[in-house]
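Please find one structure pasted underneath; my questions will follow.
For reference, chains read A, B, C, D and E in written order, and residue numbers begin at 1 within each chain.
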Amino acid sequence: MDLSTIIGICVAFGLMIMAILQGGPLGLFIDVPSILIVFGGTLGNTLVHYPFKDVFDAFNVAKKTLLYKETSISTLIGQLMEFANKARKEGILALQGAINDVDDDFLKKAIQMAVDGQEPKTLRTMLATEVEYVEMRHSKGANIFVSIGTYSPAMGMVGTLIGLVQMLQNMSDPSSIGPAMAVALLTTFYGAVIANVVCMPLAGKLKNRSESEILVKTLMIEGMQSILSGENPRVMEQKLHAFIPPKLRESSFKK
Amino acid sequence: MDLSTIIGICVAFGLMIMAILQGGPLGLFIDVPSILIVFGGTLGNTLVHYPFKDVFDAFNVAKKTLLYKETSISTLIGQLMEFANKARKEGILALQGAINDVDDDFLKKAIQMAVDGQEPKTLRTMLATEVEYVEMRHSKGANIFVSIGTYSPAMGMVGTLIGLVQMLQNMSDPSSIGPAMAVALLTTFYGAVIANVVCMPLAGKLKNRSESEILVKTLMIEGMQSILSGENPRVMEQKLHAFIPPKLRESSFKK
Amino acid sequence: MDLSTIIGICVAFGLMIMAILQGGPLGLFIDVPSILIVFGGTLGNTLVHYPFKDVFDAFNVAKKTLLYKETSISTLIGQLMEFANKARKEGILALQGAINDVDDDFLKKAIQMAVDGQEPKTLRTMLATEVEYVEMRHSKGANIFVSIGTYSPAMGMVGTLIGLVQMLQNMSDPSSIGPAMAVALLTTFYGAVIANVVCMPLAGKLKNRSESEILVKTLMIEGMQSILSGENPRVMEQKLHAFIPPKLRESSFKK
Amino acid sequence: MDLSTIIGICVAFGLMIMAILQGGPLGLFIDVPSILIVFGGTLGNTLVHYPFKDVFDAFNVAKKTLLYKETSISTLIGQLMEFANKARKEGILALQGAINDVDDDFLKKAIQMAVDGQEPKTLRTMLATEVEYVEMRHSKGANIFVSIGTYSPAMGMVGTLIGLVQMLQNMSDPSSIGPAMAVALLTTFYGAVIANVVCMPLAGKLKNRSESEILVKTLMIEGMQSILSGENPRVMEQKLHAFIPPKLRESSFKK
Amino acid sequence: MDLSTIIGICVAFGLMIMAILQGGPLGLFIDVPSILIVFGGTLGNTLVHYPFKDVFDAFNVAKKTLLYKETSISTLIGQLMEFANKARKEGILALQGAINDVDDDFLKKAIQMAVDGQEPKTLRTMLATEVEYVEMRHSKGANIFVSIGTYSPAMGMVGTLIGLVQMLQNMSDPSSIGPAMAVALLTTFYGAVIANVVCMPLAGKLKNRSESEILVKTLMIEGMQSILSGENPRVMEQKLHAFIPPKLRESSFKK
């Protein structure tokens, strides 16, 4: 489970509510018609922009991605090195038995393709296409949150304009102007919070996750390609290490 | 027919009107000169920006795209697999008969080219050019709505400035200031609604539709290319599956 | 002459002036120092940004582009098909006589190069370089209008700030505050109108024209390349049709 | 010397000062603490963003670029054609003598490399790398001005916020509110002027100059490449003409 | 240590504090709930956007990058030329002894790979991959500061909206309106300062540092590639000089 997301949201909302309570009751910040305009309007815009299925998928992807246990890159490289050694000693077909030890579906598929005797070049092309389209689907998911984060402040502004027009048409009682304007500003407030405290950071997290996942998949492609070409394991390890920061590079060879 | 667009627009406008009615009559939000400035001005700008034909086409494309029935990707892959099997058994010319069963003009053309004996490489180049230019025309259509959504808030601001200048020049009667300013703000309101509740989401939907259509066409190109090269159907299926999410991949082979 | 540009500008300005007149005399919206700041300042900025020659050229390009009669794409393809048939029957040198029937300088040059015996590859490289640099010059022209449309609202804001500072320093007579502020807002109004009603839409039209012209030139390159390679006219037609929307594709062959 | 830059800055500042003087004394627009915040703060931000050396270089590049005499493209093409004719008649080594007639260091280097017997391909690669990195350095110089033009309005806003907070804390004397707010707005004014009247247009001019210089260098590379490959001078001229607008193309051959 | 960053921050904050003190006590600008909302909220958003590890790494990278002693490019080229001469005289294996004199880990690795007998092409591919991923990690680090600089003004606006709503609901005592609004503006002030005086310039500096480091690494790759291919040292020097500005080019050969 993704701890930093939960802590981050709690910190942001916690401090915001604390600061509100210092200045008055929380009830001042709740107004049903304002909520309807901002939340409902944003939902409406999002449904015009994306088909049902995509919105539904985006929430699923978000949930899954947040729960996703990140693959340890060192472990992955270790595993690939093992496969390389096994393939060099016992032949590529020996990897058939290793498939069951592998959790990741993408790596499973790559090994299966290698065992099935695909050319290294075909294997790379197919897997690279898959990675490219995975990336496109991920970025679509993140973009839905970006869209929500763009529509919500806009609907907030629309709501505030509605409130201002009504207030300005009816200024006979000066004492009601302040509270009317306060309510008008609430929609702007809701819009800003939805965008900046929820949607934009979430979209950012989804993009970060996608990048990590793409790096893992890229390492799998490079590794399987090396194994299939029967490359020297030391060279293969050097190649894979080029993708990761120096401090994560633990050689499996004692120099 | 595209349900989510209709529901989305109804939700957004419905909630906005509900919220307005809670605070006063809807009539406060209707002002003819303001409508003239924002709608007319935006129309004028759009006609300067785009030729008549393109604006006209954009509305047509929008209508057609919203009505467009999305092709089921699994069905398409199934159909391509069938063609592959037929071509392997009875030769590529056997596909001539299958053209009539095909609805999609692009796929029809691709099969016709294959039957006419085009080289796989030529077929790919020609169809890829066509897809590239289809994409350009689609994105032009979506961009017209983006332009409208950029001009309408600008014209809204111009209208508000006109209203403010007139109000400020004539402040002898304090009681008229509020309503005058309310009317001045109406153009900003119209501009924001046109942009954020209509044009931007519609442009987004058109882009989404275009992406789906391009994916379908890409699968057709890849599939026909595989068929023409006489590739192994299992490999072809794997290739096509690389473009789509794992949960949509239904193999036509029982492993 | 480009009708939609003229109609668009008339509609936008006409409605704006109508709306102004409904609220008061047009004279309220004319203030000489404000005009000096916004128009002069924007002109100054533009001259710092671009050399004289480029600004001068941009207005020329704009004038010429607006007057430019768009080439009919079907006619062009028809003409290229004729050349292809002629070249196949009578040899490439027979096109020498056709040069005089051609209006477009670019096509003339392409035919001349073909007749002079250039290799298809050299012909394509040279013409593609030319198209690339034509595109760069066009986009420079459009960008000058974008720059003007960026500087004018900025100068409008500068003018408004000047007016506000002067008004705020001198508030002894409350009745003068309104009109002073009205005048201060005029520069913002001018800036917004120059940018949104004139420059941005014009820049957009120039970009659209450039795209059409580039498409025409691309078809010429593809066509001449096909003719020079002695490609089958049916294939050549199919290739050219890939660049244009299906409804414009009129085959010159009766199938 | 670059006339349009000087005229542009004089026009912009002149009209701004004229407009200011029409409404009151210029002294209202000078406030030392405001100047400190905006100028000093922007300088501070720029030094955090860029190393000393880069800021220093940027001002040097700006000075040099503004003084830079633009190379006449027709003259350059004429010169390259001469070299081509000389090299065809007397051999490539004959260009050694021509080096002294050449002012441009880049062209000198290109000829020297040609005379030294570099392969056409190596010559192109090396010179292209140089052009690429010249472009990067130029764009760094222009970007420093863009950064200054981004920080100065931000510091202007910071200054205005400081002024507003101080004014709002101390509203016992109503007559002081106006002038205090006027002073608070001055920083916004300074920031907008630095950005829009100085930095952004200057950055634009630097980018334009860079583009011209890159075009000149590109012509030199293409020309020397043609000379070294012993290409037909007519073809070489056609190639070079493809980079420039038709009206600048003066053939050195009488057709 | 990076002098310009320290001086820049001191100048910006120093002048800002000076300007504040001229208008009143510094204490007016300190308000604990406002600090909580802006700093805490921004921290929360950043943790939602990035995993703990990345935020932690970013601060480390920032610290290290600011302390990083820039490699002198002339010295580097001199060193590479020495290696080239040594390798030509005594063979590539002679570089083994030189590894200990080299400080830079990347250059060490490149030499080790050369000595180990890697092909020039493999060496380039591997090192280029490493540079590409170093660049990606650097830009991730800089982007975290950009994100903080985007969230902080947003949280500043949220804080100001909270303050305004509370103030407007409670306007019975007119004398409290000014100070309440002053406090509401403080969050906007904090957000603008964090973004514009700290985060954006720091992100810029990190990007600049990354570019310098990438240039150094690119020179190392080019140099080792030339050495490994046994290229003429004069040509190698020319190649390396193409990457740097003319005034830094000191030939090691007396012409």
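The rule is simple: a contact is a pair of C-beta atoms (placed from the backbone, for glycine too) under 8 Å apart; a residue touches a chain by one contact, two chains touch by 3 or more.
Given the structure is predicted, the values throughout are model-derived calculations rather than measurements.
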Any chain in contact with chain B as well as chain C: none
Lowest number of touching-chain links that must be crossed from chain B to chain E: 2
Interchain centroid distance [CA atoms averaged], chain A/chain E, Å: 25
Averaged-CA centre spacing for the pair chain D and chain A, given as whole angstrom: 40
Chain E contact footprint on chain A (complex, rising order): 2-5, 7-16, 18-20, 22-24, 28-29, 175, 178-179, 181-182, 185-186, 188-189, 192-193, 195-197, 200-202, 204-205, 208, 235, 238-239, 242-246
Complex contact set, residues of chain A against chain B: 33-34, 36-37, 40-41, 43-52, 54-55, 105, 113, 118, 122, 126-127, 129-130, 133, 137, 147, 150-151, 154-155, 157-159, 161-171
